[in-house]
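Look for chain A in each of the two complexes below; its partner is chain B in the first and chain C in the second.
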Partner chain A sequence: MSVFSTASVRMRALAKDPQVTRLAVILALLLIFFAAVRTPSFVRLSTWQSMAVQFPEFGLMALGVMLTMIIGGIDLSVVAIANMTGIGAAVIMLSIAPPGSDPSQAVPAILAAVAFSLVAGALAGMFNGFLVAKIKIPAILVTLGTFELFTGIAVIITQGKPISGLPTQYSEVFAAKLGGIVPMQLVMFALVVVVIWFLMSRTALGTKLYLLGTNPTAAEFSGLNTVSLTVRTYMLSGIFSAVAGLVMLANYNSAKADYGSTYTLLAVLIVVLGGVNPNGGSGRLAGTVLAVIVLQVLSSLLNTFPDISNFYRPLIYGGVLLLVIVMNQWYKPGNFARFFTRKG
Partner chain B sequence: MKQRRFKAIAVGLSLAVGLSLSACVTDDSTSAEGDHTIVIVPKDSTNPWFVRMEEGVKAFASDSGLNVYQKGPSETDATMQAQVIRDLIAQGVDAIGVIPVDPGALEPVLKEAMDAGIVVVTHEGATQENTMYDIEAFNNTDYGAFIMDNLAEAMGEEGLYTTMVGHVTNASHNEWADGAVAHAAEAYPNMTLLEAEPRVESQDDGEVAYQTAKELFKKYPDLKGIVGTSSFDAPGVARAIEELGLTGKVFVSGTGLPAANKEILEKGLVQSLTLWDPADAGYALASLAAKILDGEEIVDGLDLGVVGYESMQFSSINPKVLEGAGWVVINKDNVDSFGF
Partner chain C sequence: MTDLLAVRNVSKSFAGVHALDDVSLTIGRGEIHCLAGENGSGKSTLIKVISGVHAPDGGTIEIDGTSHKRLTPMAAINAGVQVIYQDFSVFPNLSVLENLALTSELAAHRKLINWRRMRRIAEEAVAKIDFDIDLDEKVGRLSIAEKQLVAISRALMSDAKLIIMDEPTTALTTREVDALFRIILDLKERGISTLFVSHKLEEVFEISEKFTIIRNGRSVATKRPDELDRASFSFYMTGREFEPAHFNAPADSGPAVLEARNLGADGAFADVNFSLRRGEILGITGRLGSGRTELALSLFGALKVNHGEILIKEKPVVLRGIRSAIKHGIGYVPEDRLTEGLFLERSIGANAIISEIDNMLTPLGLLDREKTRTEAQRWVDELKIATPDPENAVNTLSGGNQQRVVLAKWLATEPEVLILNGPTVGVDIGSKSDIHTILQDLAREGMAVIIISDDLSEVIENCSRVLVMNDGRIVAELDPEETSEAELAALMAHDESEEAGVQR
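And then the complex of A and B:
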């Protein structure tokens, strides 16, 4: 089979995936609604740029959660990893290039900080994976525990205060707009999406992860090294969280232990909304990416209504999540019929 | 398959209809194009302080006829506040008045706002760099001294005291506390600052203020007074005073809303609180933004149209900061007279 024909088979499979179709329809309707009631905002480029700056923060975390959920786990520690690695990066940057130092020191400072952050994110993720795969603690407990642990480390390093005064070159690079239009944050998100796409559909990893999520016992007997697979999955999630931390560092020009405290649930919401089965084994990258965009459009749309307080946001998110879960059940083969036969 | 897709569309449509129904109520906001749109962004939407501020913002909206409203994040989180501001920039509002959660975290997004030609003013953010003007209800040092006068009166002008701020990163709170300490050193020679812990944090949370105060009073039995700053400090400390049975032995002063503190004032747990009216501050902030939009010159003696802000003076330290004279004392005799 040639590459081309596998790709076209995949494309057709994607179009047939009901959750991806549903999300695309919802997104289209949302956009039509946006265009109709908020035309001036809708046609303005800055509206879309503003969204593209915001969603990579939690979108990157959601991508990590997605991978862990495909193997039947979950990663609730993403926000903590992002903050911890962001703080680490900020501390390193400030120790190499303190405010008022020579601008030429900024480059090594930024490189060291980015490298540290990615390595620390990978290690934190591997720690999660080790506890899940080797010690066999349920993922939800492990990552809830490490969430507290990593946040605790972040609080101790910073004493709970924000770390700011980073070299301006950092945000000039990571919060830049490529060609004056495309925000760097979006580029980083897109890069990670491409990496995941490649791993999931161009290497054996994707198939292995789906098998592990569908039936861990079968995966074990098929000769897969499930421990190493799990550790690697959580490691990827940790790395993506670290990238999210770098994005937040650029967006706020500072790092703090409790930035983005609402992102944990948002990331889980996105992944479930994206059609990933919380029990593992199924879920598509396209669904998750669409879900990220749907929620960001919804959120920015809400902010254009002066009279809708942001206090309604958790309510709307919670409603959307429940609606999607109900819809997923609804569309499962036979479920709808069973609904009625049981009643009768 | 076809039926399924139909169902999906039906569900999607009902979602959209639901959304548009909620939108119908508020649809008039776009009709104000052409007029100035001024948005006040508080630290959060539910804190009573900012609920009161919204009254002033609305009063200015009806006085001026401009499109003025308040829009804050659902939680006191610098991240969420930055996102609200980012969305406002995207909508192309004319002016943003911010009460920053964390000035440092907002520098990039406020710079973006100013680069986009939006008028940016702040309140309680004297350290904010990316702002045109910051208004304070009063000179922070003078207000600190004023809080200290109130505490000194309660303490009989002698004894050991410490200071409590919302966050040690909150510029205004710290300037008040510094002003209080400086004033005590000058005017009350028998009052001494607790050197071991000269400044504690309440994290703008009554519960934390209460816990911190309890620890302080147990650790330092000689401690006789706390200079509170945020509106959560004095009520939280008062709870600790009551629980430890120290009423009349230790004292606290600070900022507080009258209605929320009626009980502790009447019980005598707190002798007096100091305050400026957030509604007036909201009014003044929106008014300042409108004046900048109208191209008025911002000079000493500027009148923002509300009591206490009729003659704004530039701060002697920071050329961006305008100070009014908007403080008041609340005690058990006048607590009912404010109406909030």
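And then the complex of A and C:
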């Protein structure tokens, strides 16, 4: 993670990171349990393909939340940005290539829609970043407010109804299976992961973001441009959310203002589970990616038990989130002991 | 009659470092005692042991004839030990009345508030020291001296036998110091002992009856005031012979690199004029609240100025913010390195090179890791930062080494003017003299340096010129070679309103 270490040192550091190790162990146990009790679906390729289609939706949002949390903020507006930009993309696609139009219209329509959604995502993120960095409103309030704002825009555009009838070429590209096996959604997620890894470990920006999250005052006193750094971070989060919106558009073949409404909590849960310090300054990409996979496997596993209805899901997610936070608190040096010795 | 407090052979280590090593201290009833030592000598740890905050690893504490093996804060208070910290631990948003009465109300486990009873309690408390104050005033609006009296009144409420005061006169004017001393003497009459904690001889010299001096966690001397003079005091404190060394700026060093003309910021300072040339070390000294920190922040673009102008290399500039000051070649080592200077959990390397990281890119715009590594190592070697690996987090370092990291960060920007606010606060003696040497060397190489400090010996030994600030104004410009610490202290504490005969 740090810019000063050699590759081998970094591998050792990664292996030593307790949170990453814990997540790897949890994932391994989950997979063993899965293989043991649901062997038929475990060995089926389609099980894994449907997971790889699903998790990029919230995984991409979680990556955005991770970046904002590393600088000591949070982004609760990711779902709203994804829906708003997805709806915008759908509207543009339909206006250039309405149902029944010439198939040759589809390519410019898709290109325009993708370009629009990425730009709109960046602008939405910029707006968040501006309010946080320049007006100095706590990130949790800003993004809670813009969550409502962006959702509101989405509701007004759609009148609350889903938009469908997209050109079939869109899902043929964004829901394709590369080589007949690898879903396009997974490829997009992987691309974003590579971009973030590159930013955080190979550029000056990464180092600056970690420092900004560690101590914003010292960052200011060291001459870092904290406003620009913050705005850029929220912009990245907005762009990743827009990509998530494109993935959702491909998965559902439609756009609606209230898709993925459980993803806000899920994205925060993933980032905390991944070992990112909510106070900023630390967190590993590897942890977050592992946490995304752990939660997807857990969710798919739950799906194979018909007795456990979907109603249990918030309960399980909320429980896991609190458990992880409590555990992280315990694993800080001395905290575990204090938990028992402190009596009045 | 037995002593009121007897600390016998107390030791305490933190993570293997001896903060206290076999320290003993006795205080008689009604005695005014001074515990002296440099920053980091173990003074605060000893106070925390006496007040029950830290349990000692060895030794005993005897209060009023009762020996305590494991003293808790509650037990210490019940035994009559009260500590008044430098921040006074008052609630600024509450009134004097509430500050005084709430503790006893809480201690009595009262669930409902009876304002009449609380007022009576508060009135009794201030009457004990003849303290004339509006009980309904918010404590945050009081002067520092008044806040201190509130803290003293509160301490006396709980039948105190020993009052410990941490650097009590640092921010007071001479008149306020006199008023405080009258109260202390009055307490003495009533058999209440006082323990001053100080790192300056002049602070409480005239009133103290006994001095215990500790150094590096050991008690090195227990003396009466007539057995001490400046030289011996500073020898006990530092372990070095007192040698008044001075720094001299080169005679002709060209035009001014930094100049302030009638500089003023509302509510902080006004009419500040000075000019600084290459190779000079300018000292700015003054008490807490004299405007010295605000002036430093203004020169670094972190605080807006309302009046006057700043000239850099004889050209007027407007500093729109910290980044603009840095562009103009100004560096600033902040007052509080922990909150303003360092990224504690990050590596020493990252901390040292952050200000120059944009110059360490490969042609493709990526970080040149070889370069960052060698640069980090270079700073560790150059400033003799004691660490096995620049990859280690900064919070693994001692105060002195942390301060070197902050210095490294600024030297990396190759500033023309380096402003240091309290460069050696909380730094061990060895590092302190190293840092002084570094600063003098930088000046000899042509850098213009400003040291802002209330450590008088630091200012006198290292600066080629000293400005004294008092109440937001520069009241004197001195040549340190012809100035004693006592004269400097008097100028800092001088109360303007006193001379004019103005009553507060």
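Everything that follows uses one rule, which is that the second predicted complex is superposed on the first by the 338 of 344 C-alpha atoms of A that agree within 3 Å, B and C clash if a C-alpha of one lies under 4 Å from a C-alpha of the other, contacts with A are read in each partner's own complex, and residues count from 1 in each chain.
Note that in this section a residue touches a chain if its C-beta (ideal position, glycine included) is under 8 Å from a C-beta of that chain, and two chains touch if they have at least 3 such contacts.
The structure displayed is predicted, hence computed values, not measured ones.
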{"item": "Fit-or-clash call for chain B and chain C when the two complexes are aligned on chain A", "value": "fit"}
{"item": "Partner chain in contact with A:S282 - chain B first, chain C second, else both or neither", "value": "second"}
{"item": "Which of chain B and chain C A:A218 touches, first, second, both or neither", "value": "second"}
{"item": "Partner chain(s) touched by A:T207 [first = chain B, second = chain C, both, neither]", "value": "second"}
{"item": "Partner chain(s) touched by A:P18 [first = chain B, second = chain C, both, neither]", "value": "first"}
{"item": "Partner with the higher number of touched chain A residues, chain C or chain B", "value": "B"}
{"item": "Least C-alpha distance (whole Å) that remains between chain C and chain B when both complexes are overlaid", "value": "18"}
{"item": "Touching both chain B and chain C, residues of chain A", "value": "none"}
{"item": "Complex contact set, residues of chain A against chain B", "value": "18, 21-22, 25-26, 29-30, 32-33, 37-38, 40-41, 44, 46-47, 49-51, 53-54, 57, 160-162, 164-165, 171, 175, 248, 250-254, 256, 258-262, 299-300, 303-311, 313-314, 323, 327, 330-331"}
{"item": "Residues of chain B touching chain A in the complex", "value": "4-5, 7-9, 11-13, 15-16, 19-20, 22-23, 25-27, 29-30, 33, 39, 45-46, 69, 71-75, 77-80, 82-84, 86-92, 102, 104-109, 116, 167-169, 201, 203"}
{"item": "Chain C residues within the chain A interface of the complex", "value": "302, 322-323, 326, 332, 334, 339-347, 349-350, 354-355, 357-358, 360-361, 365-367, 369, 372-373, 376, 390-391, 409, 413"}
{"item": "Partner chain C, residues of chain A touching it in the complex", "value": "2-5, 9, 202-204, 207-208, 210-211, 214-215, 217-225, 281-282"}
